[in-house]
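Take a look at these structures.
There are two complexes below, and they share chain A, which is joined by chain B in the first and by chain C in the second.
Presenting the complex of A and B:
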């Protein structure tokens, strides 16, 4: 990094953001950087602090300690109404006494403006979010999707440097949600500004974001591309939060160049040795994705084998999810497209051998 | 009886019931108007013909008209000041967490819970010590105190339904505290503010006991009516009653027809649903 110039290439930097409510620590030293025009999703279970973090970025909530920079500028002394960030609320927070046009024009009207130019700009915004012909409507006459668009237009017209979105699609039905995901992504690319998107929904985060930050108990567990988070979760929490992962725990027995062997309750498991390796005797977790575990008997020396008892099957349209009980009582899931037809009652209770490649087993959770 | 017939019978019964109710409610007022415009000294039948005599007497005498003028001065003024105080208090109570918040609400509501007689004596005691009694503004001061309670109750109810995110959204979009208050909070609270003002006005316009204690010679209408009533049975009272009824009617209809549509636009009330 070379001083000011390098700093300015970041749209947002959070440095050690901490927020306490009495004894309760809502946010515990959050560090996060958002590059120029990046779409970052902040994902985590309810109560992880993600909404508090978003409100801190908007200036609606104060921090106990920590700094926040937007394009290299410290926002500590900047009041809410002068911040370069805009928030889109989960309930949209549209003004019910104003119609669509006046809602969108709310921000620009607060300062000096030329009415004829403002009118043109509002029409442009309405065009951008497909609200043409609805400008005279009252808010109570709009559908959920239309309200969503008004909220977006109202924020964007003020030309923010960063748009903050608080679970904006959670109130929409599934069909509309998927369509809006595409539209949000297009809008973000057209505007070229950073979007910071808070959600508990993994699909939303993965389908839209350039990078995802997973939050748990007020801490950042992992930041990375959706692929990295999905394929290489860095902690037990992330692995479990990103569904369809199986976890095996045990102590490290041997470490070689090609694989590391872990002694688990369910027998020895070999996993890839990464660039960083755990110490022998250390307790670690092994992550294996549900679609990487096979029931087929193609057994090579490069595969792990575990005994399990089939408990049931969930039909999920294009694939089946099988649930197995392990010898130590834990449950694992495997996803497969094979074996259609056979009814689950006949299968359940039968012992099976399951296989997965050493290459598909990753070690996490060591120091 | 068939099911449809039974249903129709119920509807007829309900209409009769409403009819009786309305007659009991409005017959006295109708009688008041009727007797104010006939010759008989006593309010009894048979009627003895149309006359404007009592109105002439009312205006020639002047006491009651002066009192009406006093009331028309004091009540709107007291209602307006009480409404402003109530709005500010309601806003503070809703927006901020502070020590003694519930206590403050209690103190504001208290005056309506104290019997008027006791409050009247207390007010007189206080004002005479401050040498503020016996004037029209004495009534004004005490009516502000009294009518803040009902106005606060109504405005507070409305403001408590304002989603917190609305004011925050205004700030976020660049509004200062003052701009957010003027462009978002006050438009939301307006039905409550109008309702609160009307209630405060009505409380003050009707109020007798406190006004009687503190007014001195600057009597408000209820006090003046009572003074006349003590002396004689005067049909002028019917005349002043009719005038008051007309004024009240005009104020209510005026608010309904002009103020509310102005606030809500064409579709009155559609936007009063919070959070939808």
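Presenting the complex of A and C:
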């Protein structure tokens, strides 16, 4: 990876970014590339280093080692206030002593500017993020959604090459969050600049991003399109963090053209054989999405079958989530659209026969 | 509106804030201030209107005292010059004290690691625990004609640079500044440490240099604290006579001349004249001047953000 010479096809290249706080390794050799005008989401549990990574990209945090290039330019020697990356804060961090207009105009006013042109530009910005008529308001008079827009306008007006967003929607209510997701995506396409979006919320990541990077313990676990991450998690961590996946562990028993059989604590499980196949005897994990496991009926055969004991049900509006205990003590989840009839309290504790298709079982975690 | 009024009447819920405990807990404070502050203050203001007959005060409502004082503003006792001297001593002292303290506080908040800040604060406030009088005597020793500074200057051969600060109003201001800074440190520390650090990051991230960030973010957000601290210090300095008499020597020299400060005049009248009501009237004038300072500072504090500054 010698990104320094490869000109301008990438908006951002992170090469081996490492950050230590004393003994603690917050980021451990992060490599990430962001293409031109790409919307990349960085997703991970709290404490995975995603906010630290974002602050490093913004220049607010230093690195222990590693390089960062924006459009092929190394930013190591560029002071914070000259960096082309703008950050939008989780809690907006608007200037309380300035009104909406002055907040948006903060960046442009730092350098030489013509007041009349600046005014026009601020009005355009306000138009872009639907803040017309609110420019004279004080910050304390704004709602959460409006503050969010001011924060966006304040960053965008400075014409950054990359916009960094730190969980910008987490303080909004669910309804507004979904509306803002659409607006952010539209904004990103209109501006044509790269957005790097940090979140722990996979719905946000999947609905907006071109690509998603999953971070865990300061390392990139997987980078790919939302579909790839969702359907083909490449590691045990991603499989557990993303979507609602069930994991079965065991040793590979046989490998054939169509399926691989794994000997697990809960009996033999067959999974599809991918382009790469594991060695016999290797310990692997089988991933099965929660909505792919069904209750067995008399005429389901030839599939993976497991016995489990129903523990409980969570009603989630459009669907139900059922929790089962496996013979080895592990828990699995299945999602089902509807289960008319039997009330949950009667079901609880009853043994059930579950099955899933070989086609829906993927093997991960082998060399 | 009508609906909500009905709804409110229908369900009267007492929040913890409306509990009778609130009044009950306020009672000691109200009683204390009533008996020991507001009552005496009212009596004090009234006493300024008493007359003196046969060397003893007689209750009255006469303007004689005030008439005499205002007649002697710039002649005779020169009270007006005393007030001018007081303002000329106090306002610059307050401004210098606030500026120095602000720099110290900025250094503590942004330069000292968070876990050491309490200690740093404690050390800067420590002088407050020694007696004010003792501190003034210490300054006498430092500033005197043959004092610490001048002895040192002579010893290292800089005899011609000897200072002559003792018994000037500059010495008065030094004493006052030393007196008020520990209090200002607390006021300003609270202000500056409450400024959201993220705002500084935002400013830098939006392209501001360190200096621009100070000018456009930290300074405006310290405004209320700075005004409070200047007015607070001015009021304390206006009421002080110890520094003026021990370091300023009573009628210390300044640009205004060898004029004592107004509190100094009040103290000497108190000691020499038998007209206590008239001395009280002078003190009342000082109180009014302090209230004017307070009013100006409150006026400056109310945000000027009503209109749009473009």
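By our rule, the second predicted complex is superposed on the first by the 351 of 367 C-alpha atoms of A that agree within 3 Å, B and C clash if a C-alpha of one lies under 4 Å from a C-alpha of the other, contacts with A are read in each partner's own complex, and residues count from 1 in each chain.
Note that in this section contacts are C-beta pairs under 8 Å (C-beta built on N, C-alpha and C of every residue); 3 or more make two chains touch, one makes a residue touch a chain.
Worth saying up front: this structure is predicted, and the values here are computed from it rather than measured.
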Simultaneous placement of chain C and chain B on chain A, clash or fit: clash
Touched partner set for A:89, first chain B, second chain C, both or neither: both
Touched partner set for A:139, first chain B, second chain C, both or neither: first
Touched partner set for A:101, first chain B, second chain C, both or neither: second
Touched partner set for A:222, first chain B, second chain C, both or neither: neither
First, second, both or neither for A:115, with chain B first and chain C second: second
Chain B and chain C footprints on chain A, overlapping residues: 58-60, 80-83, 85-87, 89, 91, 93, 95-97, 106-107, 110-111, 138, 154-155, 158
List of chain C residues in touch with chain A within their complex: 196, 198-199, 201-209, 212, 216-217, 220-221, 223, 303, 305, 308-310
Residue ranges of chain B in contact with chain A within the complex: 163, 165-166, 168-176, 179, 183-184, 187-188, 264-265, 267, 270-276
Complex interface listing, chain A residues touching chain C: 58-60, 80-83, 85-87, 89, 91, 93, 95-99, 101-102, 106-107, 110-111, 115, 119, 135-136, 138, 154-155, 158
Chain B-touching residues of chain A, taken from the complex the two chains share: 58-60, 80-83, 85-87, 89, 91, 93-97, 106-107, 110-111, 138-140, 154-155, 158
